[in-house]
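Once you scroll down, you'll see the structures, which are given as structure tokens.
Two complexes come next, and they have one chain in common, chain A, joined by chain B in the first and chain C in the second.
This part shows the complex of A and B:
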């Protein structure tokens, strides 16, 4: 376990991460993850993260060492696609029982590896550690080493038991396993000046194949994709690439940076979501390859492909623009998608009314500001009720999010589109952007919505469920207004500026006391929005709602005093 | 009588089984205003949550004590306390149901003890309904988690009626196994109401996970049986348990309240429904309504029409014990041969399955044996899709999870009507298979040089 904690420390100390670089030594040691709140947490564990990151390697047997929950409840649940082997979709687990917990599970693990190699003969077996065997002290590194020697095949330990942290940490620990045991262990048959690694792309719904034909056309070879539609050998010789593109910004930054450090492979962070982003990424790939010795003419060919594809995509999107005019989108996702999809949607003429930044880094937020302007409405954490209100208040016409929040939109009678891992359509590159636009159009203009928004004929339209839900929220607001103490508490509890910890009450009081009308004014008096600036949008909302606030809250406050 | 064998592999391949804690959490989802809480690391909850959401296409409440490595080693008291306090404050549930997991069972957290301390420390929780069930992942399976949890709910939540209390003859408790869908529960409810009975289902997934649109946003379950209704179950005249797994809860009910019970191990098929309907007629004192006389006739006719297609089919089935028993028996009674039966955990019904051997194993076993024995009908949950594709035989999805088709919550197999639909669905799969894969050609019956019939013939005539 000591080596695992050392690895975790090392991952936390990621110079490639801007957020991390700005932290003090003590903060950095604490790690990059917020303490999870019992009874209020959502999301996967570190094991989940490690599995997600590596499972798209298609010819590898992924063996989960643990009780049935870890694999039995989760296998074959990802939308990655393979052009060849399907062994990655086979669920392998030691399914340890009570006896193993008492006497240790190492022997069962060893035998399991043996059975897999005898029956399925994959080029490599990845062994995932989970909480229970980690607790009872099963040494998977030792078992993997012994099995590897005995069977003459790479058996790779992935040390990322669930309880060490959240999914994102698991992504990185998976990267560490590749760096330590796989990358650089084999040599490609040949190399070209056009060899590219794509890091952090999982080929969900086959989206990598929306871009690959363009790379093929340009003669750029994906030497290794880590890990979408990847093969073990490709990862093993990926250290011979000339350049790398890092796709999912934070998941595998350690892999990209350490490969640059160890093998001198320069990388850039890019995205194939959206037309402009796709073009920028293609240019950047060409630039890096040329820097590393590819002929200069590559750039001209790249520009020609970009020009052709952009023209095609714009032409395909053009008919939708009038249909999207004035349509507002609420985007609830995380990380790189919070800005890469923003750009894409704006290109189609949609208006973004908000984007979530819960899982986004500082750079992600900067990008959003570039795209949506300084007053970007960035949502840190939205409760389902707030999402619903936003839709009901007609602040949004459609919500784009991951599967888990879909029912908020759907049950509110609002169009919704899945843009996370469980989606069934691919949205990458130029063709993907056109597909996304088509899907949004299909969702927005489905005639079903009109029927569903009508109450049942026997229901009083003033008393239908939507009206009641709104009434409930109004009642809560009224209750707060009637109870000065609760109102005061609610005002104080609602954090507006997270960087400088300024609450709603403080801001409202400052606005009232100094007759403020601008976010700058609020900043001067309260320091709110003096950090990342993401809350400027929220402060504007407060200023906009001011007449009501001043009229009701302030006298109440005085009365309370 | 079937022999029950336990697989000897070190590595389970393509698991059929799901874990016990989420079986327990599933049961808690059938209570109103409920928040199931898994005591473990957050992954334990998130995997279960994803499964439920993909199966039902519904928002599903499920929380975690979010155990970290350090908390796991030091013991989880603080996490359990914080989780209960947070949930109680934020989501205002009517009940919190707690299941342990492998992580916390390996450490040996004394959650019952924790709950006592928490109740003492926090007066607002002194009387708050908290039900705890130990469900380590490294033992037993999904169905066992459900079985233990429902029994525990009866022990903790049902009140012993005062000695003088009269039993209400029209009230009947129903304890449904986890193999029944919300659609099945609604069907059973309708049948019972048609006899003038008032059924109370524990748990009642039909109230919470039948896909209805809630009146307002509720972070807990949006329906199901309330804690008060559960408390009053002791006043019912009868308890009907459906599936052998529910005998434990029915016995607990009898022990606590004196309510007599009857176990119906199956509610699919003609004869089991005859027994069920006659029992309802007997306890209600009413004749069988005309509607069910007609439905019985429809089922009989469906059996006549479908037996051509189901008779002789070689069935490979993988399911939890009660579902396995139910479906394999119904198809056996239609003339199918149960060639391969794979299940997840021990049960008294296994040896009565109409086959030679029942294997406690995985989907790799199911697939290999099905190939070996030339099966031409596969029944299991959605994870059988890869095997079905490789074998190219008709595949009927049954059980949990069903994530790659819609309508999992409404799939019906109980009652005369449910059995009729089940038989039609499976017969139609067989017909489509015949049309798509086994059309005769001029060479189908030709004898080749070696004197054997061609492969095509062998395949089409099996």
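This part shows the complex of A and C:
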């Protein structure tokens, strides 16, 4: 049994992660956890990440070992769907108290496991470590082992206390728990050449069920889904799958990669968001299965299903075209692959005025440029003020984004549609894209937005805070325009690396002074991207842009057109 | 188990016992000439068809389950809104008992009102003596400051002349000559409770402004900067009046709320019974003539009162029970325009909060279909709010709605793409609504307590907004006007929507995969 820190180090070394592969040894050691900035409004912790990754396993009891905070604030807060057991929704916690903190909570944990098994008899109990018991030294691995032996039932320790890092790390630690204690511990009743694992899919809003009928039709069996609508046994025998699809790119990459390593299950990264992506994913599934011994005719059948489903989806989207004419969309997608959705929305007749590329890869960005033209606004980090300006300048009729941006959008008076995890509609697969188009239509034509976008009729709109903010922005822009020196200064002051606070000017100077051509070079000279590494993409862009500006901007633009 | 003194069962439980069930079954079998259950079922199903609807809508004489009450109910409601005023209904006492119980059951408060207790001989010989004795007894027993007289049908059919009767009573010493006894003829066979409200209020204003039935000089209007506000017949008068007053105070507008019954329908329990509480003072009622303008929150409750006030030289504004953002905007901007007062930041913020709440939740209401019934103004206000939210007020029905009202509702429908498939039904009743709900189903029904039968029979979830609400308590304490009132209506609608979602997803191991804690 490896220690928690060793496991974390191992996760950081993940070679399957593209970002990781580009890092230096020292960087890798430091890990991909962006150290949280004290005072910042941070996201979830590692415990939360582990919990949400495993919680969709429906037939196991999820027991949180810790004070009431961890489970009390979070139980049953995810819209995953179960086709069977509902025990995953029951909030189990040891709810430790002062005495436990002083004398240790291991006994209480052991008893709690016992009571769960006596009262609920689930196929397994998952025990989640949290900060307090981790700090007082409760050894949940030992307790789980003892309980497991005593009760003859898998009791799985998920060692991901909140303080070790952010949510994303927790996702991976959850994967490690499955790899160490669950996967490969049981055997399926039978296997077929069509057995598939889907990894990193949580069946939120029941989205997976929108795709499953197509797989059923093709005779492809989802041997195990980790973890949406999953069952303990399915995960336990998932090592017998022939191929795997890795959804939601980075969350559980370690699971997919290690299963390939240990059991020879090839995997690909795919998505069912967007029509084209859905088709690509189906093709890829068929290809991998054929590679692993499924009959060749599977591909022909797959292509037939793809052709039929694509035609149906496009036909369903067609009627919206006239209604979407001239409507502009700003897309802040978060985890959803931008360009894939972009293509579908454009096909529906919407004009995209901007899209976020925060989590997109370089190839994604290229693809977006291809689709939206060179002028595409690719938004890395947009401030609420900029977001508001974009809307105000009538550049967007609606914003599609995750819940995080919701309140900014609404307060700024911007029509908004939720397309991330907490939504209540399922947008996966071909039907999902049609559903998305329908929802956009509803949102665009909701009369409530009229009220939202207009100030109170008696209000002097030249005087409200939005107007003042805009005026301030305009004034700043005008001041810069009048003063080229200040403008240059402002341009150069733009923060590129937030961790090490390195601005654009410093990087440009370093590139010019040392004739740098790589991000590594830039890092050596400026320390930029020496923190979380997220700005490496921005530095690449700077490197790519520099010679062009030096040469001549005009021919490049023409070439792009 | 029959009833037994050791463990007394209430009616929910008792009659479910085997001996009662047996008894009821026997009675049905032996004495009730029972029909073939299959035939009963066939008729029940047939009553849901378009064919039945056609016959139902062809009804000419019969009204089934009316959504309206009679004039004197409205007259009593208006009268208690004046300082220490006792409503006196000239006619049979049975009617008066109805008004009292109706109001009591809705407001959960005592409702004081007397009648002249006309009997058969009064019907034959006229009710003068009942008026004389009635006023004398009322005056001496209950010591009101004013007695507001209205009538039931009985007095109206025999043509009792209230003006002359009151004059005679005063001459006979029933009440002092200078005692205020305004009156209004309020026959139930004309209009509805909203008409009675209108008549009674106009009668009271006429009394004070136009020379107290010839016993005093008419008042000369000396315009000031005050604004009068009339709430109209309103089941939410307790919450609404307080909210309106708060808004007027926020804006710094001097005002008189006419017929302010918000206190008498919400007296505190502190050891003292108040037969009268609060109300527009008689002085204010008289001085209301000098106001700059009068705003009626409900046009169809003041169809005669507003022109009467306008004829005295004031500006009048008639609204239609405004609910929601646009409706409240209209109200507040009218106040601002009339008085020249600025709309304070506080109200802008409340407006923003309502818009914010609508934006947070509108996706759940957007595209949903609603049936609404109630008083004409309420229907207009709610339909306007629903259109604002992107819902469709598919059926809008008022038993006491007129053709002119229907045209106004239609104009509202025409103003929004969400009104395209909506229809208005003036003069129809709840049995018509039943057919509408079966043949053109909607997602939700908005109406008063009586809607619970429609909810049960048609399965359309009922959102209780209107008057009377007997089977839910204390909603009248919440405003539905103003931005905060709009918030309340929004919440009530949303509560029902989420309750329904929960109800549709709560079967263990069957539908509860969507029984979510976050909606």
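As a convention for this text, the second predicted complex is superposed on the first by the 418 of 561 C-alpha atoms of A that agree within 3 Å, B and C clash if a C-alpha of one lies under 4 Å from a C-alpha of the other, contacts with A are read in each partner's own complex, and residues count from 1 in each chain.
Criterion: contacts are C-beta pairs under 8 Å (C-beta built on N, C-alpha and C of every residue); 3 or more make two chains touch, one makes a residue touch a chain.
Keep in mind that what you see is a predicted model, and the values were worked out from it rather than measured.
Q: Using the superposition on chain A, decide if chain B and chain C clash or fit.
A: Result for chain B and chain C: clash.
Q: Looking at A:63 after the superposition, I want to know if it touches chain B, chain C, both of them or none. Which is it: first, second, both, neither?
A: First partner only, chain B.
Q: Have a look at where A:517 lands relative to chain B and chain C in the superposition and call it first, second, both or neither.
A: In the superposition, A:517 contacts neither chain B nor chain C.
Q: Touch check for A:149: first (chain B), second (chain C), both, or neither?
A: neither
Q: For A:9 in the superposed arrangement: first (chain B), second (chain C), both or neither?
A: Touch status of A:9: no partner.
Q: Output check: A:136 vs chain B and chain C. Expected answer is one of first, second, both, neither. What do you get?
A: A:136: touches chain B, not chain C.
Q: Counting residues of chain A touched by each partner, does chain B or chain C come out ahead?
A: B
Q: Which partner does A:457 contact after superposing on A: first (chain B), second (chain C), both, neither?
A: Only chain C; A:457 stays clear of chain B.
Q: When the two structures are overlaid on chain A, which partner does A:447 contact: first (chain B), second (chain C), both, or neither?
A: second
Q: Taking the superposition as given, does A:81 touch the first partner, chain B, the second, chain C, both, or neither?
A: second
Q: Quick one: classify A:166 as touching chain B (first), chain C (second), both or neither.
A: A:166 contacts chain B only, not chain C.
Q: Considering 61-69, 151-159, 169-177 or 259-267, which region of chain C has C-alpha atoms that clash with chain B after the structures are aligned on chain A?
A: Stretch flagged for C-alpha clashes with chain B: 259-267.
Q: In the superposed arrangement, what residues of chain A touch both chain B and chain C?
A: Correct list for chain A: 76-77, 86, 411, 422.
Q: Which of the residues in chain A end up touching chain B in this complex?
A: Going through chain A, the ones touching chain B are 35-48, 63, 66-77, 86, 89-98, 100-101, 108-109, 111-116, 119, 131-132, 134-136, 161-166, 384-385, 388, 403-404, 407-408, 411, 422, 465, 468-469, 472.
Q: Within their complex, state which residues of chain C touch chain A.
A: The contact residues of chain C facing chain A are 325-326, 329, 332-333, 336, 343, 348, 351-352, 355-356, 358-360, 362-363, 366-367, 387-390, 416-418, 508-509, 512-514, 516-519.
Q: If we count contacts the way the header does, which residues on chain B are in touch with chain A in the complex?
A: Against chain A, the touching part of chain B is residues 9-15, 17-19, 21-22, 37, 40-51, 53-54, 57-59, 63-69, 71-73, 78-80, 82-87, 90, 101-103, 106-107, 136-139, 141, 213-217, 219, 383, 386, 403.
Q: Touching chain C in the complex: which residues of chain A?
A: 76-77, 79, 81-84, 86, 206, 410-411, 416, 422, 424, 442-443, 445-449, 451-452, 456-459
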